[in-house]
Amino acid sequence: MTAPVLEASFALNVALLLMLVVLAAAVVWTRSLLAAILLMSVYSLVSATWLMVMDAPDVAFTEAVVGAGISTIVALGAILLTRGEAVRVSWKRQVVPGLLAGLVGGLLIYAMSGLPDFGDPASPANSHVGRAYLETAKRDIGAPNVVTAVLGSYRGFDTLGETVVILAACIGVALMLGFGPRATLAPPAGAPGDHHVVLRVTAKMLVPLIILFALYVQFHGDLGAGGGFQAGVIAAVAIILHALVFGLRETTAAIPPQAARAVAALGVVVYAGVGIVCIVNGGGFLDYDHLLTPQIEAMIPAGLLGDPDKPHHWGQYFGILAIELGVLMTVSATMITIFYGFAGRTIDAIAAELRR
Amino acid sequence: MNGGELLILLALTLPLFAAAMIYAVGRMPDVRETLTLVACIGLAIVAISIFVRVGQGDPPALTVAEPLPGLAIAFRVEPLGALFAVMASVLWGVNSLFSIGYMRGRREARQTRFYICFALAMFGVMGIAFAANLFTLFLFYEALTFVTYPLVTHAGTPAARRAGRVYLVTLVGASVLLFLPGIIGVQSMAGSTTFTPGGLLNGRVDAAAGSVLLLLLVFGAAKAALMPLHGWLPSAMVAPAPVSALLHAVAVVKAGVFAVLKVSAYIFGPDLISTLPAATWILWMAAGSIVIASLVALTKDDLKTRLAWSTVSQLAYVTSAAMLPMASGLVAGGLHMVFHAVAKITLFMCAGAIYVATGANRVSEIGGLGRRMPWVFVAFLAASFAIVGLPPMAAMWSKFLLITASFGSGEWFTAAALIASSLLSLVFLMPVAFRALFSPAGDGAGGEFVRPGGTPVTSLVALCVTAAACVVLFVAVEPLADYLAPIAAVSFMETAP
Amino acid sequence: MQLEALYVAQPALTAQAPILAIAVPLIGACAAALAPSGRAGWMISVVAAMVSAWMALAVAGEVMREGVILYQLGGFAPPAGIALRVDAMGALIALLIGAVGTLAAVFSGHSLAAEVRPEKHTLFQAGFLLAQAGMVGLVYTGDAFNAFVFLEVSSIGTYALVAAGERRDRRALPAAFNYLIMGTIGATFYVIGVGFLYGATGTLNMADMAARLGTLDQNAAVQAGFAFIVAGLGVKAAMFPLHGWLPGAYAHGPSLISLFLAATATKAAIYLMARFLFEVFPDGAAFGDMFLQWVLAPLGAAAVIVCSLQAVFARELRRMIAFSSVAQVGFIFLGFSLANASGLSAALFYMTAHGLMKAAMFMALGGLAISIGARRLEDFAGVAREAPWTAVAFGIGAASLVGTPLTMGFLAKWQIMEAALAGGRIWIFAVMAAGSVLTLVYVGRIIEVMFFREPAPGAPRAKESPVGVLVPLLILAGLSLWFGIDASLPQQLAQAGAASLFEVRP
Amino acid sequence: MADALFWIGGGLIVAGAMLSVLGAAGVLRFPDVYTRIHAASLTDTGGATLMLLGMGLLGPFGLITLKLLLVWAFIMLTSPAAANALANAAFGSGHRPRIGNFQIMGEDKATDAAPESAGKERA
Amino acid sequence: MSWIATHFNYVVVVILMMAGLFIVFSSGNLIKRMIGLALFQSSTALFYISFGKVSGGTAAITLDAQGAEGQALAAQLDPAYVAQFGVEGVVYSNPLPHVLILTAIVVGVATLAVGLAIAVRVRESYGTVESDEIDAVSRVAAEQAEPAP
């Protein structure tokens, strides 16, 4: 079998990976945490590009919004509350970690020899279940984006778990940071009507645009890259932008922390609720083919989504729609909660806590 | 539930019930002690009826629970157990009688706890006696250790506490490290631990594994005080005399040798034992135990300690009997277990009686006491005869059978040790009684009794009863031996030369 | 005791029981997070945990009757879809999780009030239920990657829950951080391992994986996958020497979390490891057997000896018991390393026994923590006088830990030792015996202090635990005793589970 | 025609990339915060514009062109605003330009370390 | 050489993993350790995605093989290759690793958030985020070992 190696894409692959290695080395090297965080942000962006080369637009999208977006914000919030630089570690204390990492690396290198060649279409990974999805997704699910089909339906249970993990993070951060002294993140510079007017005007224009974009990503997930998770993060970013520019007080007035937590929990309820409805209607958990009773299905006009001749999996369609909604709710609300948690604590708040 | 099951259940619950009742009426000493005696009598009746049933060939059995398949808490009475139960329950009664006098005479503290622990100890003994398998035996064996711990530390002095720690560490340590592994070994080789006539392991293990198991089980039963695990016994003599009497002559140590006998008879069986090299090793160690303990006893001035070393020596007799590659050894061992108990409890009660009356607890202090306490010292003399193995004392028979069996099986070393030990015990026991009775005036001859009136009457009655029993059993030895015969599948006539 | 007699469930419900055992606490967690007050959160928590336990019971009954249960999620047959696959072993562990979870939920009412700030209670309950749901999911799932997801569901909230112990003991914070780092490395190792297996087989379903791995045991990627999975789960299971996170997390976290984690978290991870060891990996492969014999067994033995000694010399009581947990995990691995049905069944039984006894011990300490903030062993002097019931329940747990006859711990030790002997592994037997003696030493120390020592003058006096604590506590202690006398329920499941795993092997 | 479009588009993309590289060099080499911001922001918008234009020429005309247009509009909106905010923040935290009148005024020699030391003081 | 070419991605994954692990183990700063952990986790993403790539494949969004895009893709490939490995005339990359990694990324950010939140609380409680200093404070506390109020 001769695999057609696309030279250009392979060269791109190598170049991007080398960049990642350089970035990782820089992260190891630097003692400035700010630099490390920004380098990680760049790392994420580069790896998102690499993921595009690897034909993984959904993952690239996610990596971009999460790695370069939300993670950076959270990490910056954290160093703002702690300190900006790591203590120098003497070389003696790096020997054992180095050996450990080397040990793991050596094992991995040994193991790599057993892996199939890069890009091999006949490798077990690419020929068994993965291929089966490609063959059956259109028939079973009806969504053109196979990743969405697998994510939402075939492995919908995983995605439920993933949503729950997000909820757990929401609960965890709220438990850790949500109830301490609450500060108001004032607008960047105190004076009213100051130089930040440019920022405010821009932000005012951007926030609705970003939310619009989030909705697009949400509903476009069936057809292209995107889905509830990415959309949730993007929507959260809009809110976070609002908070950064207009102050936490303004934002919490619009979206109270309790409401954010409630929405996060409700998102999981929506997701699991879909599964329960399927059970009630006689199927298994998350079996969207049983989501709609025949009576309801009969009421759906055949041409609802364009082509009236094509048979449509209405259960699958609405099921994925509903769970993506749940994911959107949980993810956006969680990201907002996390931001509130970090932003709600300032250095002064820490001082107060220490005095207590 | 048939009669047999009911009897076993009664035998087990009666001491528990008694303990609860004693606790309830603890503030009224008279009621409490009456209750104890009633319970003793009741238990003795139950034990005797079980004994009779076994004799009639209708052994009671009862299964309580089976936590795991092949691992049951079950009871099944066989002659040795029935005999052990009768011995223990009757002697409990006698001892209780003695205790009443002793404890009141000494105005001991915490008497209620003392009686409760006694009753609980009897619960443990009944369980051991009737156990149908090693696991059940182990359960009650451990329970016995823990309920007797407060008795050992009764005095509450630092010395008592130290003795208690030695007691617990030795017994529990040996159980966990040796006995329990041995049981698990048996379970894994045979699939159960049920006592089986002829030997559970017979034909199922090779000599090496069998030897290891035998060593684990014999030394694991540290209550048998086989050297080098004998240390706890002399140190436990800090306990009051009734405790030493019942526990360290009857219940605890006899539970140890009883376990050894049961293991020998029903887990290994005489046939297997005779092929195991470990049996010979144990015989040698037991012989060493016999002689060394007797020699040590000679050097002890404290009367109870001397008796304790004598016990170590005598217990090794029974262990030897269990290890002899000859079936008749088992019968001899069983008999000796009983006869020694009767004799030794007498000796301890005498020691207690002397102590309560005069405060003397050393051999060197009792010269001439015999004049003032004739009954006590006559009983002491009789019991000493029994320990030495002189007629007309019952222990003569068991010793005689034992020596014959050792010669018969070619274990001359054991036989020599037995004879040497008899001579030695002559040396360390006889002088006690003789000095008291015939020495014109010793340290203790003059002076007043510590307790006005001397030995309490109940105590005196108790020790006379057991001393008499030594003699009575001399006559009754044949039916007893025949009763035990099934365990070794031989009859008395065969065992006799 | 026959299992069928124990539960009553509608047939329709029984079919859905596996998923409901996971979904109900999940939804309960959401409800608890939305609850208006801590009290409401507590009630939701109790009900959800109870329903989950009931469903787990139904599943266990079904498994005993029907054998392995398969439940397809989304209506897709594996390997395309995710399936739950419950065998007797999983049913037993899930039952343990459900039972301990329910009792812990009841207990949490009083415990949280004493240890966690009131405004955090609802979220705390939510996190607790998530952890429970995650663990049941981890045990039930038949999909290797889904297991990772549930591993994280059960962990991520737990990190914060451990850290929430900072109100009483601020060392909870670094301990929780350490736990998070170690736990995440473990989970990531697991993912890497699953990645290797996926790369070699193309499937994530464990049964399918097992079938397709058949001839691949010499493949370097498969071997490395095995190593990574075991190391990753080993961290979660506190396998020596990867247990560094455990003592701190158990000793400084809130009582509720210590008790729940100690009873269930390591068990779930061990169970998953057992499935990989015995179900997924190439059968009878020299590689796997070599691993069991030369890696798992020595590590288990080292855990038993080293951590028991650490427990002997520990100064704080909860730390002592935490070290004891690592040592007990060592016992369980010794059982595994025998690589036969009886060893595995014994190890499973041991897991159950250990879960119940440790839960009782930590709960008793939690009950005492309501009235005294004692940490050092000496501070517990004479608590048996002030809080007799609590102390007795603790004592029963401790007795079971030592392996006192008539407790579940005895039967557990018994079975492993018997299996070791039957397998001719005398040294394992000897290590078990030595470990038991060491256990006796430190438990003896605790019991001596608690029951026989006079309290120091002027020390804070303990109070008897409130009824809301005593009831679950005594139930736990009672279970340790009951299963010591009639062990048929866990025994049947453990045996059937072990048999079903070894049936898979040719 | 298609060939010509390909070469023009490719050239534009390369030019945009070059511009961005130049901007990066400016960020490294320029003396103070404000000139660096200036370099980064100007080349960012310029480079992005060139590249988007090139892409528009390379791709088929249609939906993709519209998307590129939107992206361009977004960049034109955000990049200057970000540069403004950055400069504003730098000024607010005490940085003063090193060139021009400010240098003559001689305020603040060690401007580069200012934000971090400020952070430390607050910590 | 050819092994390097076919396994280059895996080698990079190993390097990144080692870098992440090294940071986690060697650094005493809690924030830095979290960053290292994030790096370590992200390397698994590279790992999974790498073996999901199919040479000549396209993103797993179903195309019409007869449409313009499909034709353009097919033109770059050997027809026999497409016939063997394509689905309805188009070669796709494997979507399954993508799905798994989506989940893993989400788990990663969740872990990061909780970890950093705990680190912030450590800072509030101990006044530092350096392990050595935390240990020193804890040790002092343990020596005093006073019962909590």
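First chain written, first letter: the chains are A, B, C, D and E, and each begins at residue 1.
The rule we apply is simple: a residue touches a chain if its C-beta (ideal position, glycine included) is under 8 Å from a C-beta of that chain, and two chains touch if they have at least 3 such contacts.
The model shown is predicted, which means the values in this text are computed figures rather than measured ones.
Counting hops only between chains that touch, subunit C reaches subunit D in a minimum of 2.
The set of chains in contact with subunit A as well as subunit B comprises C. Of all chains shown, the one whose average CA position lies nearest the global CA mean is C.
Looking at A-C and C-E, the interface holding more C-beta pairs in contact is that of A-C.
Compared with subunit D, the chain whose C-alpha mean position is the greatest distance off is B. If you average the Cα atoms of subunit B and of subunit E, the two centres end up 72 Å apart. For the pair subunit D and subunit E, the distance between mean C-alpha positions equals 29 Å.
In terms of their C-alpha centroids, the spacing between subunit B and subunit D amounts to 98 Å.
If each chain is reduced to the centroid of its CA atoms, subunit A and subunit E end up 12 Å from each other. Among all residues of subunit C, those that touch two or more other chains are 145, 149, 152, 156, 159-160, 163, 192, 198-199, 204. The residues of subunit A that reach two or more other chains are 82-83, 108, 112-113, 115-116, 123, 125-126, 129-130, 133, 155, 158, 161-162, 165, 168-169, 172-173, 176, listed in rising order. By the contact rule set out at the top, the touching chain pairs are A-C, A-D, A-E, B-C, C-E.
Subunit B makes touch with subunit C in their complex at residues 65-69, 71, 73, 135, 138-139, 142, 172-173, 176-177, 180-181, 184-185, 187-189. Per the touch definition, subunit A reaches subunit D in the complex via residues 34, 80, 82-85, 188-189, 195-196, 198-199, 202-203, 205-206, 209, 347. Considering their complex, residues 16, 19, 23, 26-27, 29-31, 33-34, 71-76, 79-82, 117, 119-120, 123-124, 126-127, 130, 133-134, 137, 143, 145-146, 149-150, 152-153, 156-157, 159-161, 163-164, 192, 196, 198-204, 212, 219-225, 227-228 of subunit C touch subunit A.
Those residues of subunit E that touch subunit C in the shared complex are 17, 21, 24, 30, 33, 37, 40-41, 44, 47-48, 51, 96-97, 100, 103-104, 107, 110-111, 114-115, 117-119, 121-122, 125-126, 131, 134, 138, 141, 145, 147-149.
Interface residues of subunit C, counted against subunit E in their complex, comprise 145, 148-149, 152, 156, 159-160, 163, 166, 168-171, 173-174, 176-177, 180-181, 184-185, 187-188, 191-192, 195, 198-199, 204, 315, 372-376, 379, 460.
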